[in-house]
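There are two complexes below, and they share chain A, which is joined by chain B in the first and by chain C in the second.
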Partner chain A sequence: MDTPARLRPMLRAAAIMLATAVAGPALTSPAFAADPIKIGSVVSATGPSAFLGDPEAKTLKLYVDELNKKGGLLGRPVELVLYDDGGDANKARTFATRLVEDDKVVAMVGGTSTGATMAMIPVFEEAGIPFVSLAGGIEIIEPVRAFVFKTPHTDKTACQKIFEDMKARGITKIGMISGTDGFGKSMRNQCLKVIGQYGITVVADENYGATDSDMTPQLNKIKNTAGVEAVLNPGFGQGPAIVTRNYAQLGIKLPLYQSHGVASKSFIELAGPAAEGVRLPAPAILIGDKLAANDPQKPVVAEYKTSYEKATGQPVSTFGGYGYDGIQLVARAIESAKSADPKKIRDALEATKGYVGVTGIYTFAPADHLGLGTDSFRMLVIRNGDWAIEAPAR
Partner chain B sequence: MSEFLQLAFSGLTVGAIYALIALGFTLIYNASDVINFAQGDFVMIGGMGTVFLMAAGLALPVAALIAVVAAVLVGLLLHRLAIEPARGASPVTLIMITIGASIFIKGVSQIIFDKQFHSLPAFSGDTPIPVGGATILPQSLWVMGTALALVVALYLFLEHTLVGKAVLATAANRLAAKLVGINVALVLALAFGLSAAMGALAGVVATPITLTRYDIGTLFTLKGFAAAMLGGMGNPVGAVVGGLLIGLIETFTAGYLSSTYKDAVAFLMILVVLLFMPRGLFGSRTVERV
Partner chain C sequence: MKAILRSRLTPLVALALIMALVPMIAPTSFHLRVAALVWIFSLAALGLTILMGYAGQVSLGHAGFLGIGAYAVAIGPARLGLDPLLCLLLGAVLSGLIAWLVGRPILKLKGYYLAIATLGFGVIVALILHSETELTGGPDGMSVSRITLFGWRVTGALNWYWVSAGALLIGALIALNIAASPTGRALRALHDSEVAAAGAGIDVSAKKLAAFVVAAVYAAVAGGLLAAMNGLITPEAASFSHSVELVAMVIIGGLGSVFGTVLGAAFLVVLPQTLTAFQEYEQAVLGLLIMVFMIFLPQGIVPSLRAMIEERLP
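After this line comes the complex of A and B, so read on.
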C-alpha cells in the first residue's frame, strides 16, 4: 500500500477504534450469565526448565477447559491467564505484577522453579491473593506465609520416607554420596536435619560434582568405611546413574537408596543392569497401573493420565501432576468458599482436608502449607528394568 | 593396596579420556597456533552420533564409523567456514571463533539429537575384572587401549610420514613451509579433520562410562585443555602425561583426602607446575617467533 506516511498514524488509530467497537460487545456478552473468575499462572513453558513448565501449562489449560465444560465455578466461567516466563525469575515477577494489577486474578497457580516462585511471592503476599506454587524448594513454605501454598513434595519429605524405610529394616549407620548441584546440596542438608529423629548416623559423607564421570574413589571410601549398612545418593541428572554403575562395578552389596530426583524411566535406561535392586521414593503417578485396586489415588492418577495423554499425545509426568493438583485445590477452595474473593479462597485452601490428588493426599493446616506427609511417596525398588512396589518393611 | 589399585585404575581411565582430548588440542595447536575450544564437542558428536545411529538399528562398529566420519566432516567444515576465512587473524581471534563454533555445535545438536542424557552398552560386557583386590571394567581397558593406539599412531604419522612432517614443518614456521612447497591450507584442514576423528573416537569409547549429552563437550574441553597445558601445549607426549596426571590427581584426592577438594587440588597442581615451568612439563620450544 502506498498510503502517504503522514496518514498512517491516523489510519492506525481508526483501525484500533473499529476493532474495539467490534470486539467490545463480544467481550462483555459472555456465554455464561456472569463475569469469568480469573485464575492466573506464570510457568516456564520455554527455556531450560521447559521440561517442567511445559506439562504444567498444558495441564492447567486442559483442566480449566474441563471446568468450563462442567459449567464453571459458582455458575461463572473460569478464565486462565497464563504467562510464560521462559525460565527467567525477573520476567516472572513482572508477569506476577501484571496478573495482580491488570488482570485482577483471584488466585494464582504457577511458579515452575523455586527461584521464580520466590521472586513472585512478595507480589501476591502484598496483594493478598492466594498463590499455589508448583516448585520444590522448602523455603517456599518455611516459614509459612499467609497466602503461599505449594503442591510438590519437598526433599525433606523424601529424606523422611527413605529414613523410615531404613529404620524399619534396622539400618542405623549409612554412607552418603551427594551431588554438589542445587538439588543434591539442598537434599543433603534436609536429610542431615531430620536424620537424628530416626536414630541413624552418617558415618561416611562424600560428594561429587554434577558433571563428574567417575565416582569410584568416593564409593571406594564408603566401601572401606567400617559399619556402613546402606548408602544414600541425593542427586539429580546423570550423576546418580554413574554412581549406580560404579556401585555395581565395585561389587558393593549394601542397599543403595536413590532420591525422587531420578524417579523416571531414563534413570533405569542410563544405569542399565546396575540399577537392579536400587530403592527410591517416588510419587504414585510413576506406577499408576501398579497401584493396589483399593488405593485412593488410583482412580485420580488413572483419570489424569488418560486425559493428559489423550489431549497432548505425550506421556504423563510428575510435573504436570503438580499443576493438576494446584488447579484442583484452587477450584475446590472456590467451591467451598462459595465466593471468588481472594481472602475467602485462601481461608478455604487452608481448610482443605483429605483432597486426593495425583501427587498425594493433601491436608493443609495454618502451620502446614504443603499438606503432604511421607505417605505421598511410595517406596519403589527396581526389578527387571521396571519399578516394583516394595512390600512395606517390617 | 587394593584401594590404591582401585583408585589408580579409576584415575587412569578418566586420565586416558582427558589425554585423547589433549592430543586433539595438540594437533591443531601445532599446525595453526589455534587452541580449538570446540575439541570437546567432537567427543560429544562421536558419542551422541553413535547412540542415535545405534537406536536407528545400526551395529556398533558401523554406527561408530559413521559418527566419526560425521565428526571429521564437522571438523573440516569448522576449518573451511570459520577458520580459513579469518586466516590472517591473530590466534586469539581464531580461538574466539572456535568458542563461537562450540556454542553453535551445541545449539544444533540440541535440535538434531535431544536434550537428554544417553548411554551406550559397554563393548565387552559390564562384568568387572578383579585385579589384586580391585576391580576394573572391560570398558576401561577399551578406553586405555584406544588412547595408547592413537598416541602411537599419531607419533608414527608425525615422525615417519611425509605428510606428518609437513604438519610439523608448518608448525615450526609457516612461511618457510610455504616456501618449500607445502600446501599450508591443506595441512591445516588435515589437522582439524584428524583431531575431530580422535575426539570422536574418544567419545565412542568413553560414552559407556561417562554418558553423553549435547553439552558434555564443555567439560571435556576444559579438562583436556588443562591436561594439554600441564603437559606443555604442543607436545603429544606432554598431552598424554598431562591427561593421565590430572585423572590420577583427581581420583587420589577424592579417595585419600576429600571429594570436596578434588577439582581444587587438580587445578592447584596445574597452577604450581605452570608457576615453575611456564611451558608445562614437556614444553621445550622456548624460541619465540619473530
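After this line comes the complex of A and C, so read on.
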C-alpha cells in the first residue's frame, strides 16, 4: 500500500517516538552478565537546587564506578539507577515509585531537598527499602523512621557545636540576631531548643529580613543590653556579611559567632576585614588541607577531593560529600550484611559504627538515624582573610 | 464515520474506554501512578483548553491556581481543622474568586500584555507560597492529610487512579457541554474577532472573565487532587515552569480539543519517564520531540489527525 503523502510526516514522527522507546532501555542495560545489585537515586541534578544535586549525582556515579572497578559488592556488579527530579517534589515521588515498583532497587541514596525527601519517604517506608537522604531538614529523622537515614548534619548539630565552644569559654549570656529566611528561622528554633542544656541564656533576641541592608539598629540594641557576652547570627546569604560589617562599624568587641550557613569563601569576601576573628562551625571538607595530620577524616577528605576534582574538573563541595557518605554507608552495609536483601541492609545500616566519612564520623543507633556528633563540625576562626582551625578552648 | 469523528460524545466514550483498560494492562502501581498523574494534569490543562482553545486568551500563570487549590487542601485541615474534602471545594471556590478579582483588570489587556500579567500573577503566588513559612511550610512544603470520601479513606495507587479518572471524566463532560452551549459559541466568536463578537451583541469582557474563572476552578481542583494523592505539596507546584508545561500540554494535544488536551498531558507526563535513558540529554530530547510534533502536526495531535482522516474519508 502506498503511504499517502499527507501521512508521511506523521509516520516519520511516529518512527522517532518508536525509536526512542526501543532505544531507551537498550541504552541503560549494563554490560554485566551477573545479576547486578541495584541502588536507586533521585536527585535534583537540574532546576533551582542543581548546585546541590549536580555534585551529588556526579559523586554517586563516580563511586559506583569505583565499586565496580574493585569487583562490585558480594561478587556482584552494582548498578546505579539515577533519576533527576528537576527540583520538583511531585516528580521525585513518581521516580521513587518507579525505583521501588519497576527497577526493584534494594536501597536508595538521594533526595536533594527536604521537600523531595519528605515526598519520597512514604514510598520507601511502605516498601521496606532503606533510604539514605542527602537533605538537611531535621524532620527527616525526627521522629525516627525505620527505613530512613540521612548523611548531612542538621542545624541542631551546628547549634550544639557553637554552644559547646561558648560554654568552654565561660560564656553564659548571649545576644542573638537571626535572619527571617527559612534557614535563619529553622536554625534559631533548633538553637533555642538545645541552648538550655549548656546553661546559656539569650538576653537579647533580634531579627532582620532577608533583603535588609542595614542591621545597625538591631545590633545597637544588643550592644546596649547589659550582660551580653557573645553574639550569635543564624543566617544565610548576604545578611550575615552585613551583620559582620555593622558589628565592626559599631566597634562591638564581643565574640561574634556565625553559622555553618556562611561557611564559604564568598562570605569572607563580602564581609571584608570585618570578618577577622569571626567564629563559625564548618565541615572538615572546607579545610581539608589544614586538618591535623592525625585527624581521622584527613585521608578520606583528601581522597574524595582528589578523585572528584580529577573526574569532573570542578571543585568539591559539601553537598557532593553527602552523596559520598550515602553511597559508602550503603555499600558497607551490603558488605557487612552479606546480603542484598533490603531489610538486612537496613539492619546493617543501623548497626554502622564509626564509619569515617567526608561529612563526619557516623555511628547510627535505633534512636539516631543521623549518627553524627558535634565532632562532625570544626570550630573555625577567620584570620587574615582565611580559615584557621581554632584550638578547642579549655 | 465523519459523524462519529464529529460527535460530541466520541472523546468522552474513548476516554472512558481507555480509563477502564489501563488498570488491566498496567504491570505495577508505578504505571498506575503515572496514569493518575496524566488524568490530574489533563484536568488542569482542560481549564486552559477552555480559556485558550475556546476563548483564545493566554495564561502563563495557571500553575498559580493549581497551587492555590493544592495549598487549600494542605492548609485547611492542618491549620484550621477543616475536612479535606470540604477544603478541595473551598480551594476551587477561592481560586475562582481570585480569578474573578484578578481577571477583571487583566483581561482588558490583549496578546502578550495579557500573557505577562498572568505570568506576574503566577510568580506572586509562587513567592507567597515560598516565603509564608508559618502558613505554607516554605520551600520544603507541607504534608497533606488523607481525603475521606463518604467514610472511605482514599489511599493506594489504584484508588487514586479511579478518583482522578472520575474527576477528569466529569471535567471533560462539563468542558464539552460548555463548548456546545451558547457561551461556548460566544467564546469562539470572540476568539476569531473580538470586534465582530461585540458587534453581534456578545458581552466580550464578561465572557472572557467567565472562561478565566472556569479555567482557574479546573486548575484548583487538579491541584487539590495532586496534593491529596502525594500527601505532600511544595511551592514547585505553582512555579512558572509548571505554568508553561500546562500551556504546552494544551498546544501539543491540539488547541480547543478535549481529547487532545488529555493526549498532550499524557505526552508531557509519560515522555520524561521514557526519556530517562538519555540522562542529561533528557530535556534536550524532550524539546526536540516537541519541535518535531509542532512542525509535522502544527494544529496539535488530535485536530491534525482528525483533519487528515476526514480528508481521506469518502
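Note that in this section the second predicted complex is superposed on the first by the 361 of 394 C-alpha atoms of A that agree within 3 Å, B and C clash if a C-alpha of one lies under 4 Å from a C-alpha of the other, contacts with A are read in each partner's own complex, and residues count from 1 in each chain.
To be clear about the criterion, a residue touches a chain if its C-beta (ideal position, glycine included) is under 8 Å from a C-beta of that chain, and two chains touch if they have at least 3 such contacts.
Since this is a predicted model, take the numbers as computed values, not measurements.
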| item | value |
| --- | --- |
| Chain B versus chain C as contact partner of A:R98, first or second or both or neither | second |
| Most chain A residues touched (candidates chain B, chain C) | C |
| Touched partner set for A:I242, first chain B, second chain C, both or neither | first |
| First (chain B), second (chain C), both or neither touched by A:A367 | neither |
| Partner chain(s) touched by A:K185 [first = chain B, second = chain C, both, neither] | second |
| Touching partner for A:P122 - first (chain B), second (chain C), both, neither | second |
| Partner chain(s) touched by A:A293 [first = chain B, second = chain C, both, neither] | neither |
| Chain C-touching residues of chain A, taken from the complex the two chains share | 4, 6-7, 9-10, 12-13, 16-17, 20-21, 23-25, 27-28, 45-46, 82-84, 87-91, 93-94, 97-98, 100-102, 113-116, 118-119, 122, 137, 182, 185 |
| Residue numbers on chain C that touch chain A, as the complex places them | 28-31, 33-34, 37, 133, 138-141, 143, 157, 226, 230-234, 236-237, 242, 272-280, 282-283, 285, 289, 292-293, 295-297, 304-305, 308, 311-312 |
| Residues on chain B engaged by chain A in the complex (per definition of touch) | 3, 6-7, 9-10, 13-14, 17, 115-119, 121, 126, 128, 135, 137, 206, 209-211, 213, 216, 219, 250-252, 254-255, 259-260, 262-263 |
| Contact footprint of chain B on chain A as seen in their complex | 51, 206-209, 211, 213-214, 216-218, 220-221, 224, 237-238, 241-242, 245, 248-251, 266, 269-270, 272-274 |
